[in-house]
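I am attaching a structure below and will ask some questions about it afterwards.
Chain IDs A, B, C, D and E follow the sequence of writing; residue 1 opens each chain.
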Amino acid sequence: MSAHSPLSSAGAKQAEAAGKLGHKRPSWYLRLKSWWNDRSRWQQWLLLLVVVILAYLLPVINPPLITTEPSNDFAISCFNMALYGLVALGLNVVVGQAGLLDLGYIGFFAVGAYTASLWTSPDSPLVHIPYLWTLPLAMIVTVVFGIALGIPTLRLRGDYLAIVTLGFGEIIRLLATIIPVLKGNTGFQNIGRPPGEIDGSPIFSASNGLPWYWFTVTVIVIVMILLGNLERSRVGRAWFAIREDEDAAEIMGVPTFRFKLAAFGTGAALGGLSGALLAGQVGFVNNQKFDVPTSILFLAAVILGGQGNKLGVVIGGAIVAYVPLRFTALGGWKFLIFGVVLVLLMIFRSQGLFGKKPKLLTYTARIRRKVKHEASPEPGDPPHEATASATDRSGIDENTDRSGIDENTDDGDEGGRA
Amino acid sequence: MSGEWISFDFGALLNSFWATTFDGLTLGAIYALVALGYTLVYGVLNLINFAHSEVFIAGAFAVVFFLSSLGFGPSAPTLPLGMLILDLVLAGIIAMVVSGGTAIIVERVAYKPLRDRGASRLAFLISAIGMSFVLQYIFFEWRGPNAEPSVTMFRPKPIFEVFGAIIDSQQLTIVIAALIMMVCVDQVVRRTKLGRGIRAVAQDPDTATLMGVNRERIIVATFAIGGFLAGAAALFYVMRVPAGVFYMGGFILGIKAFTAAVLGGIGNVRGALLGGLLVGLIGNYGATILGDSQWTDVVIFVVLILVLMIRPNGILGTNLGEARV
Amino acid sequence: ANQGSSGGGGSEASSNRVELPVQKKLEVSPDVVKAAGDGKAKCDAKTTIAYVGAMTGPNAQLGINIYNGSQTAIDEHNKANPDCQVTFKKIDTEGDPAKATGPVAQATKEKDIIGVVGLPFSGESKATGGIFEDNDLVHISPAATNPDLSANGWKTFFRGLGNDNVQGPALVKLVDKLKAEKTCLIEDDSDYGMGLAKVVREKMGDKLVCEDAVTTGQKDFAPTIQKIMDSKADSVIYSGYFAEGAPLDNQLVNKGFEGYFIGPDGVKDTAFVKQAGDAAKNTYYTCTCVPGDLIPEFADAFKKVSGGDAPGTYSVEGYDTMTIFLSGIDSGITDRKKMLDYVKNYDGVGYGKTYKWDDTGELEDKAVYGYKTEGDGIVSVGLIE
Amino acid sequence: MPLLEVKDLEVRYGRIKAVEHIDVAVEAGEVVVLIGANGAGKTTTMRAVSGLLAARQGSITFKGEDVTRLKGHRRVAKGISLVPEGRGIFPGMTVRENLEMGTYALKGKNPESEYDRVFELFPRLKERSTQLGGTMSGGEQQMLAIGRALMASPEVLLLDEPSMGLAPQFIRQIFSIIREINSQGTTVLLVEQNANQALAIADRACVLEAGRLTKTGTGKELLADNTIRDVYLGGG
Amino acid sequence: MNADANLTEVAPERDIAVAEGDTLVKVKDLSVVFGGLTALDSVSFDIRRGEILGLIGPNGAGKTTCFNAMTGVYKPSQGSVMLEGHSLLGLKKHRITRLGLARTFQNIRLFGEMTALENVAVGLDARHKSGMISAMLRTPRHYREEKQIITRGMELLEFVGIADRALDRAKDLPYGYQRRLEIARALATDPKLLCLDEPAAGFNPAEKEELMELIHTVRDEGYTILLIEHDMKLVMGVTDRIVVLEFGKKIADDIPSAIREDPAVIAAYLGQEEPDATA
């Protein structure tokens, strides 16, 4: 789509909207952001810590109004929210970072779930291994699937890739039905769980969402740190460049195919991990729910949260999981409302709730100092200075907001090592 | 099923080759009509109109309501041929109007505001998905989860035999009517001013405006044409699949139609036709060779992947992306 | 059982079809246990029985049939027993195994719930049986038919109906009764459909001339129909649900098929008749469910709850299972352990069958009824075995 | 009364003000040239006049009629035609189809003579009439864009840097073409970096700097202006 | 490698197999055919290390096509391109870039949403090695490379004169800055040969002047440059040698002053010199 829209009767108002709307922040966002930037480093860390602790305590606090009870056990709901968050985090690598439209992400999720089932459920003829081992195994298996799908198809552009991935997801689901060892609708029961018992009953049980939730949140925190590291590296930049202009990226020396495959593989691994976690918590896996609408829901989670923003997509995932659990009683209406919300959100905030451009360089604070230091015009500067940049002329300076370079380290990934 | 989960039985296909073929073509003609809607909108806006499947099913609901209000029911009516044709044409027109209207509503609600704000492509996709949800669950809340009671328009009668396979009146009606429509659309896109406008907006909306093309009108017209074709497809669908009209009915068919559009080369009108027929055939052949209907979609998607590996832009698609650097 | 006499001998022509006579009346045993009890029960007002299962989503209808049956029982009970007002709680799973653990965990957490009617579907039952087991909460499924469910060693699981191993042979028997010679077996991809098909396949022997499998959501069945027509079968057993069964039957008849279409309880739904239209005339059904509409007093009470709808598939089971819990409460039971014992040792007559379970939670009474299409409804043709 | 009059125009991109207080009047039959450094707002002005961008403030009148709120395609029908910066070739249409698009706004007719005229001006286009527009070379696309605008026989032709990417010989040709169509009665509003040649054919010229109009005068006046010479004419 | 003390890092020490003045790139018998159209017809020329070679010719002569064939965008139907004696044919585009051939685009193709510095970083990454693991675990190499991006990236931006907007989105930059950023990004890949496709398009004479200086400075830094440009003043002022194409064929290859006088070139391309004002 072109960024410009033709003139309509809306006239000036529309010109205002054209092009830039995606980057216009509502004032609460700006205010929050500048407030955050004003905190000192240790204050930010402390606040982050509080937020993380609050996140861990969420199911224990079980806040009224927010709780999904009495329809759904809140701890299990929290686990589902976290799980969707993890899924969104993985899909975000593919869609948000590398710009590859994947409508069949559910396929990887399914492969992960089946991996956990096949190696732990008594219904499976395979050798059984401890559940925790299936998590890395699921990641490995899905990466293999991801690469097997990616090699022939990653040459495809945009929507062609989208339909092929959609097809892949469907093939996985249908094969789960057709291939007898995958037990179709009958499914696998009594899938393994992490070890540990209290008073003779297992810590990780299907009915106790709390340990599962904590476990998943911990996984999310680790994954976010690792992905944050990736983002601010050669890999993250390559993904972003591919998303912007694949041909140009290739010509600038980015091995686009390899990096696309890497994105696909990373996404697949996280999808597989999520699937294995779901299998463990529910303890039962069959061919239901690995369908296209769920896959699309995953995508919606990413866009809703704001593709590119890790924390944002996790929240997006949590919202997508939460709404149906909270409003179970509404029946079909909840999907209707969900649809309306999606449309409205895209109209009024097409970048998603927390959309922002990721930072792509490691030394964020240092650059800013450097640039500030060097920005003072030199005598020999070209007369471009005189023609004044667009932003110089504008009333409101949005630059700091857009530059993608801020002092803060939102995911806490830098300070620890820098 | 028992035993080996995959086995190839080409004999089964040979036995009923022509019957399978004709049936695949009939089904494919319906896919093609819906695929055209995807392809036209893709052509003009470069986006997958995810809500097109609901545009289609809206028409199908209209057909069912209209025909049952005329007294059509589970058993084939005993009407004089002229009356029957009149009723069916009327039903088709109503379906086209309903589908076309739905398409325009989708455009105005889910796309126009985004266009005015210069949203990203993905935003359009999500908005379309949102709209698709909305329509689906409007149907769901309104009509419940079950399919509509069937209306039978006529009992298919054998018309003639080709290679030992019987072609019945239903197949013939669907294929001929669908082909006529598709040829018309192809001609409209190729030869008329509207068609040129559609192509221009597709390739460069701003320059199209500079040529005097009313972009908004072209977009609405494109959605409307896509809707009309979906409406026509809906009539044939109800004719062929009487108990198939329910809130998810569009979604299921939509994915295949969309696959067909991509297979043929999305954005390409003839590609949609070719893709539709191919998807119908491939599905039927695959299910026959592999022995189970469950294989239908697997075979379709596998063929899609294979074709795209060889022709990354679909069978008739052209690649403009790499033309110049 | 009241069986009809067989008609002529020919199998293919519709004129020679065997018509099994309609069952007009269902004998209700004088000993039937009703929800009202003796009217003198006393209990804690917080005592709760829950229905856990689909209330919304695409599979909601079956759930609605069931909890309306249960609601009928509760209403009857609470009206007759002013000192024992049992609370009825409905918890929605949407029939989805992945979503069911949350609601079930919630149900087991609420200590006032001492018995559960549910879960209706086999998949969700598999996913959650362990949770009930861990919490000693007894649940009686009024609809799940997968035989494996009782093989888990769960002590809290009971089934208010015969499983697929009961219904499968009944399907075969029905084919025999109809004097059909060549049968095609079409299964869907559900646990239910595949499980039943397995039993049918074993029992059917030489009569089985073709097989095919379809997928949930499929609405166009051209290759399947081609196969059936090629095989010259005079009967089709469709092992699945009506949503796919109806269009299949309809398209089959449109292509000139003149034999029988036979389906299990998943097909037995008035929606099937509506959707298949005239084609449904060829359809017979089996069901381990009791024809509730032949029990006028139940049917009348049910309609008051349902807002006028006649009892549907498993409505009677909904009533009967709830009644078992209510009679337990009336007898003074206040906790889960005792309720579990009560159900385990229960031996009573319900509207349609005798409720007494073996060690695994399977019903000993294995009644299967036959049904057929008549007009735009479904009527019983009596017990098959 | 001027044929085309821009008064106090202000255009923004989002919150960014691109141009303000722009006043340009083009009399019928004139060639008016806009010059200015990169980013001065020339393209923005042209796009606003042709209706691709909305005016935030100010007015645009054409033949006495206020067209400020008129949609872009309607302005084309009235006789305002723009050859955009970046050429705006339809990449998937052949050269001939691209030219045909030029006649879109003309009611029905499709005059062969127009093709002949364009083909005569640009023989390369005739040679390549079935090549896809998107595969033409940079300069060839520029010819196509100008040829396409001529197909519509507009009353006012807006040209945004028509010489960009053209070989020197060809640039001269383009300027003589501009003079020719001007002499045939088409009014021209021209944006050029090639200020020397542009000013030479201009009746009047305006200088844009940082979104504002800083100088106007006849072509000759500006050619002689020292500061202009230094910056835009390359001291030559 | 060069004298300018405070800019030494802009053109880092690199092993280039050939000496100053020797043939760096050899284009031999290169042909590109589109359908029936021979866009490039057996073109041969050498590019010597350290020179600025101009590539001119009428519109549609095949200049961009020649670039595209050299950088792997088009597959030549015949002929070869050798860099330091190694053939580039059949190599992936990113390989060619890494081997030392960088380019800018006739139509600007920056990564619009990325900042100027990040755009340059992508170019610098072509020489970097850290992969997934190294980035995820932040190995010392990762830190080293990231530090290099800041120092060298900023130096490059400064070098082309746009360091003041280093943190702005590329698509918000003025046109001239974008053109310069393209050059900086290409330089970041440490090219042995830098190919510029009409870098001055859309510039006014004053801006062209500056660009000319910039190109000179780049060369003085030790880069070799291949330049496509239609502005004769710029081409004549900056190049050491000029190759002229017409209809896909090479019609001349000489020093600027000779080209200016070459009758074939005048006929095909330059046209008769005449005073502008009377055109």
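FYI, a residue touches a chain if its C-beta (ideal position, glycine included) is under 8 Å from a C-beta of that chain, and two chains touch if they have at least 3 such contacts.
Just so you know, these numbers come straight off a predicted model, no measurement behind them.
Counted as hops between touching chains, the shortest connection from chain A to chain B is 1.
The most distant chain from chain D is C, comparing centres defined as mean Cα coordinates. When each chain is reduced to the average of its Cα atoms, C sits farthest from chain E.
Annotation: 44 Å between the Cα-based centres of chain B and chain D.
Computed from the mean C-alpha positions, the centre of chain B lies at a distance of 49 Å from the centre of chain E. Shown for chain E are the residues that touch two or more other chains, namely 64, 73, 105-107, 109, 174, 176, 206-207. In chain B, 204, 206, 209, 215, 292, 294, 297, 322, 324-325 are the positions where the chain touches two or more neighbouring chains simultaneously.
Taken residue by residue, chain D touches two or more other chains at 37-39, 51-52, 71-73, 135, 231, whereas all remaining positions touch fewer. Here chain D touches chain B in the complex through residues 50-52, 71-74, 76-77, 81-82, 84, 88-93, 97, 100-102, 104-105, 132, 134-135, 148, 152, going by the rule given at the top.
The touching residues of chain C, counted against chain B in their complex, run 57-61, 187, 189, 198, 201, 211-215, 217-224, 226-227, 230, 243, 246-247, 250-251, 254-255, 271, 274-280, 376. Those residues of chain A whose C-beta lies close enough to touch chain E in the complex are 226, 229-230, 232-238, 240-241, 244-245, 247-256, 262, 266, 357, 360-363, 366-368, 370-371, 374-375, 377, 381-385, 387, 389-391, 399, 402-405, 417.
Listing the residues of chain E that touch chain D in their complex gives 34, 37, 56-61, 64-65, 106-107, 174-176, 198, 201-209, 230-233, 269-271, 274, 276-279.
Looking at the complex, you find that chain B touches chain C at residues 1-2, 12, 15-16, 19-20, 23-24, 27, 73-76, 144-152, 155-156, 170, 240-244, 246, 248-249, 252-253, 284, 287-288, 291-294, 296-297.
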